[in-house]
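Labels for the chains are A, B, C, D and E, by order of writing; each one numbers its residues from 1.
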Amino acid sequence: MIFLITVLLILLLMVGAAIYAIVQKDLLFAVIASGVISLILSILFLILQAPDVALTEAAIGVALTTIIFIITIRNTVRYEDERNKKKKQKNVKKLAK
Amino acid sequence: MNVIFLILILFLVGAIVTAFAGKWSSLLQDGLFILAVTIPAVLFFTQVEMNQLVGWTRGGIHLELGLTPFSYFFAILVLLLGVASAIYSVGFMHGKARKSYYYFNYLLTIMAMLGILFSRDFISFFVFWEIMTWASYLMVVMNGTRTQEIGIKYFVFSAIGAYAMLMAIVLIHAQTGNFLIQDFIDTYPSLAHGRQILIPILLLVGFSVKAAVMPLHVWAPGSYAYSPMSFTSVFSGALSKMGIYGMVIVFVTLLSHLPEGGLIRDIIAWMGAMTAVIATLWAIAQDDARKLLAYSSVGQLGYIVIAVAIGTPMAMLAGLFMAFMHGLFKGALFMVVGAVEKQTGTTDFTKVTGLIRKMPWTFLTALISIIALAGIPPLGGFIGKWMLYESLILSDHYLLVIVAFFSSTAAFLYAYKFLFGFFLGQEEEEWADVKEAPITMLIPMLALAVGSILLGAFPQLILKPINNGLISLGFSDSYGKLWETSTLFNEWGDKVVLQPIIYAIMGVFLTTLAFTYFRNRKRTRYVSTKDISTSGEIPLAHENLTFKENFFQPFLRAVEPVMKKQIDWYYREFGAGLEAIFNFTRRIYSGNGQTYALYAVIFLIVLLLLNGNLFGQ
Amino acid sequence: MKKYIVLGLLAVLGYYLMSIFLLVDFGLPHFAHGVKDVYLSSSKNILKVSNAVTAIVVNFRGFDTLGEVTVLFLSATAMSGILYKKRHDIGERSILFPASSIIRSGAKMLFPSITLLGIYVFIHGHLSPGGGFQGGTIIATGFLLMLLTYQNYSVSHNRLVWVESVAGMLFVIIGLAGYFMKGSFLENVLPVGELNDLFSGGVIGIIYVLVGFKVAAELIGIIYTILHEKG
Amino acid sequence: MVGSPVLFVAIPLLAAFLIPLMGMIWKEFVRIIPGLVLAYMLVLSVSLIIYIQSHGTIVEVISGWGPPVGINLVFSPFSGALTTLMTFLGLLVWLYSHKFKRNVDYEPAKKYFILLMLMVTGSVGMVLTGDLFNMFVFIEIVSISGYGLTSFFVRRDSAEAAFKFLLMGAFASSFLLIGIMIIYTQLGTLNMAEIAQRMPQMDYHMKVFSLIFILVAIGVEAETFPLNGWAPDVYTQAPGPISAAMSGIVVKAAVYANIRIIYTMYDLQGAYEYLLIIGLITFIVAETAALKQERLKRMLAYSSIGQMGLAMIAFGIGTKEGVYAALFLMFSHAIIKSLLFFSGSYLVYNKTSKYIKHVNGMGKYLPITAFLFTLGAFAIIGLPPFMGFWSKLALLSAAADSNLVILVAVILVVSIVEAVYYLRVVNRIFFFKKRANTKPEKPTINAMIAMLSLAAIVLVIGFYPDLVTGLIERAADDLMDKGRYIGEILSKN
Amino acid sequence: MEKYLDILEIAIYGSAVALILIGLYGALTKKSLIKIVLGLSIMDSGIHLMMIALGYLKGGTAPIFSKGFENSADQMVDPIPQALVLTAIVIGFGVTAVALSLVIRLYRHHDTLRIDEIKNLKW
């Protein structure tokens, strides 16, 4: 029973993280939330008796995917509505003046 | 190798060789070109036997070539015009751009026309038909930017026709299991009724595009007018007759089995009549010789269509005779225009006048051909028209007679305009040093003109092959001589009743000519066409004394309502509307990748929603 | 507006997906006579590989794995093509966070053990959970750690190319060896040994090690490419 | 036995892994090796196709496990014919692009040739494989190399096109996985022959759902109507030879997959009607959208989509004649469209925007290229005596034989639209004045060879279709005979 | 026991479907390219979960014949979906990497990540 509740809870957490990842405007947090999804997913894979997949998901989903997302964000814009980009442009304009 | 096959191959090889020969020597190219036309022509007339079949299988389709008496008649026209116009082309194309291109397409067109006539199965028929279409299309667009729209129009209408035909062909294949024309004709009476009606109609649509019948004629004036004149004489003279060829076959072999055949024939006949009237009216309004002749061609084809659609033996005879005559005189006339264009650089009546002394032989050709066109007795045109009227009256199509008579009369107007425009009227300074066309251009022109005279005197020369052809199609006459049904011919058969009269008229004409020539030899003096001081007034140099501008103004004003909205206009609007719709369909591709993804999901969901009904059980 | 349309569409899609999958009973066998029975029994009895997933990935469906390695190779190639710049305007590596010395020395200490773990994982791929992909990824994360913490840490590009090329070629060559010696591509050409031995399963272990090296090299290449990108 | 189908995959992969090393020795190797590999693949497929004429279908077992267990490759008359076509086109694309853009550096060139070679390999793998999940892997190989090749030119909008392609491709692979999983849970196997054998056991709704997911997924690559938004962009932005390879190789492979799944794996009659309707919509929308295009390659792209729609219509007819026509259409379209892309690329060589108006007057400066483009245009419109005509005729008579008169009429009406837009371009090439800022670029000698060999095929098949009709007919027989396919594969156990 | 399974079934399938739908929603409505790629990867995760869940066997063990746990084969969960997911994860990572590099290049080219502003290619 406790096992069931635990599973339900982490499933809930996972779906919550997914929703958070989609709704969050700050892409960095969104990506980290997606890392959380992968983490929970790998736990779930373990529970579902798939240790190989769990290992892979942990290594690729949690570490590598998250990192390349973060690097991309670093290289482009951090906010979904491109706030800081506009800010940057404003600053550039100010400097130009 | 079979001769028929050899002839086609010779044309093809000739086309390729000629096209490339231009790289080395222009003269060699001209010579090769003439040879490439004449050798197969000679082979055709000496070696080909009737009803000899050559068949082979391509891609699982059995194909057959062979010559029937009926196609023999058309082949005479094609080769006659082809050779004449080829000789003319050498002079005409001299020093013009894209000569190799012209020669290549010219030979290909002739080959395709012969191929159509040889075809005994629908696939080779269609293949040659399409080769003819694109080769002539390439000719139409040859002269620069201006002709592109005309070219597209020509191609679109040809494609409509060809695809209608193709649809008929595949339907035929579905019924008979092969593509042989004879097999289809044999099985036609046993088809389902719907197919029995659908297939001939589709075929007729295909043929009437080439024959420029009314609602499908809009390509013709522009295409005739703007392709090189030397080609137009083949284009209007022979190529359009391929439509007639097909129509006759459909009428005789298919529609005669059909209860509704009469109705279809009448509709086609009326369409032909409308074509004749309206195109004639339009021809009168033209100020450009090429356009005038182009419209006139459409009008003349209208007569022919009337005749073959009526379909009594005599009407058929008349139609085919007129088709041949039309090839001769219209070919000659287009050559005349080409010669004028070559020598003066323009074909506008309002600019060029008074060439009669500069180009006397050209004028002579024009005169004879115009007489033939107008249907004035001594020449061949008259016989055709007479037989047409006679057959219309005999088959109780009185309204059609009136219409045909009206447009025939109206044809006098433009015929006169043509003759007057170029050759008569006052001489202009501008054209003072215009020379006669070169001899290579004159010979074919005159030859065709002589042909018109000859057929006026001896129509049986060509009526006999027509007769044979029609009998082979199924018109059986107990005497084996269909033409005897006309009052023109007496009971002895070959002689025209009017023939003595014709001889008399010609004799009088010639003696008068000779007489005046010899009598006045000393006393005549050439005066300028501006020398009209006898009437008491001395004209100024810039004053325009001829009425070459606004030639038939009152008449045109009278018929204006008829001509105000050309059928062309409707097509253009239709095309514009279609393009607008198509412009909308491409906006489906909005450019936003997310939208595309959304389409995918919507598509998936639609399929899921349809799941039960989608794939059946 | 579009949001609601999409939500509506997704509701329908969700309904159908749920209805499809609820038809498949959870936790119960869905079919009889599937190939999985053959896989499980032959991996134990014929191939002597204790990890059935490894047996499937490397042997039964080894062709998929070859394709998969190719996909990684392709995406590394495609990425470096996509982000290609002429040599003179390659930017400096972007570091995400300036690393403190604690992190740096920690990373230095962790790196060998991470690499060792990765190698352990792919060497024991046929015995225990894990294998080439997992081990390769773990090694790649080790390198990632170093790349992130040390600004001038660099991996020799040529060496990466060597590793990935040789590993990939050996994979194919072993496959071809099976084809020429036994008649079918990727067929086992070595003695299979005993279940649960390190040297069991014939070529399976070797191939998985190669896959591990290749995956590691590809992933490091991918990370390296994207790290050297400056927006 | 002259070789084995598995070499179609093994050798290119070996070469792909080898190329970076060889490139260190001599840079020209990266251009030469793919060509050699593609030539080898062509030789192999030709010799195999001769071999199977006397010995029957080759079922190649991989890793020693007979069909339902292991993965297998099937070289049947059908897949063999497509393989030959693809490898031939692949070789020509390589030949054409050998020195296509002279100023390309070593690194991009290396990537280009590796990706090109693996794209061909992936397509061949899609065609040959007898395993559903393996097909997924090959689709991914093709897609990813497609993304990479599309975004080859850095200065164009190519990344945008590639991203759209990727977005659709990612959706497609997700849906495909769902579809494969549904089948697996129901039947417990991934082998296509065994799936086909067990299909009657499957619950009807599951069958339909899985088919829907798979069709939507493969439809993305096969450019069916609502899923083909990526295609025009990709064709516009990819290098010219890649556009040719896309339309000639990748799409053909996807259509193959589509057809194999519908014809062999499933036993749903309604799926044929689906193909017919979707193909018709694709055809109409694409051809009408092409009419008002302003860019040459985009126009060719829409035309290509339309032609694939036509092929799907032909498959949807469902009779043997229909399959024959469809295969013939695919064959002729692959050849002709490659010719058009090849020659079209040179007509608008120096402009990145590739407007149709840039071809104005090129006939004078690039006579042979212009002539070849015209030839291709005429052939694809379906004018006899070129190759396109025979395939169109086969399609129309197949439709007429099945009493689909309206279908025949619609196809013909839309074909007129097709003729119009092609002729507009042809007219511009020959009869318009050259624009001042367009610079004609002479094709290189190898590009010329590639184009001329395609043109020769167009002409030769046009005059003598028997050269290929036998092959195509055998392929059609092979596709229609589902029982034999299952038997041949499963008996290999 | 039955009830236990039912709840777990609905919960696991439901969360897998939820992940797929959430990912789809993100990919279909969000304007930011990174969000779209994120959505795709979440969708992939959902599908992977789904696949593993479909191969699960109640009370089964991992498909490993380790010493001491040499269960009979029918006590094991289905290894095939696991192998497939293994492949799919790696492929998914490859696609994501390519997508992100495209995103970087698009940003370089257009100076924005809004997908509705990146449509130079249309019609």
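Some observations on this one:
Throughout what follows, contacts are C-beta pairs under 8 Å (C-beta built on N, C-alpha and C of every residue); 3 or more make two chains touch, one makes a residue touch a chain.
Just so it is clear, the model here is predicted, and its values are computed rather than measured.
Touch-path distance (fewest steps) from chain B to chain C is 1. Number of steps on the shortest path from chain A to chain C, with steps defined by chain touch: 1. Set against the C-alpha centre of chain C, every other chain centre is closer than that of B.
Centrality annotation: D (chain centre taken as mean Cα position, compared with the mean over all protein Cα atoms). Relative to the C-alpha centre of chain D, the farthest chain centre belongs to B. A straight line joining the Cα centres of chain D and chain E is 29 Å long.
Each chain gets one centre point, the mean of its Cα atoms, and the points for chain B and chain E are 69 Å apart. For this pair, chain C with chain E, the centres built from the Cα atoms lie 16 Å apart.
Per-chain Cα centroids separate chain C from chain D by 30 Å. For chain D, the set of residues touching two or more other chains reads 133, 137, 140, 144, 147-148, 151, 154, 159-160, 162-164, 167, 171, 178, 185, 190, 205, 209, 232-233, 289, 292-293. Multi-chain contact residues of chain B (touching two or more other chains): 586, 589, 591, 593-594, 597-598, 601-602, 604, 608, 611. Shared contact sites, meaning residues of chain C that touch two or more other chains, fall at 6, 10, 13, 16-17, 24, 30, 34-36, 39, 51, 53, 61, 64, 68, 71, 74-75, 78-79, 82, 129, 133, 222, 226, 229, 231. Here the touching chains pair up as A-C, A-E, B-C, B-D, B-E, C-D, C-E, D-E.
The touching residues of chain E, counted against chain B in their complex, run 24, 27-29, 36, 115-116, 118-123.
Those residues of chain B lying in contact with chain C across their complex are 598, 601-602, 604-605, 608-609, 611. Chain contact summary for the complex, chain E toward chain C: residues 5, 8-10, 12-14, 16-18, 20-21, 24-25, 28-29, 50, 53-54, 56-59, 62-67, 73-74, 76, 78-80, 82-83, 86-87, 89-91, 93-95, 97-98, 100-102, 104-105, 107-108. Residues of chain A touching chain C in their complex: 50-52, 54-56, 59-60, 63-64, 67-68, 70-72, 74-76. Taken together, the chain B residues at the contact with chain D in this complex read 57-60, 123, 126-127, 130-131, 133-134, 137, 141-142, 144-145, 147-148, 151-152, 155-156, 159-160, 163-164, 166-167, 170-171, 173-174, 198, 579, 581-583, 585-586, 588-589, 591, 593-597, 599-604, 607-608, 611-612, 614-617.
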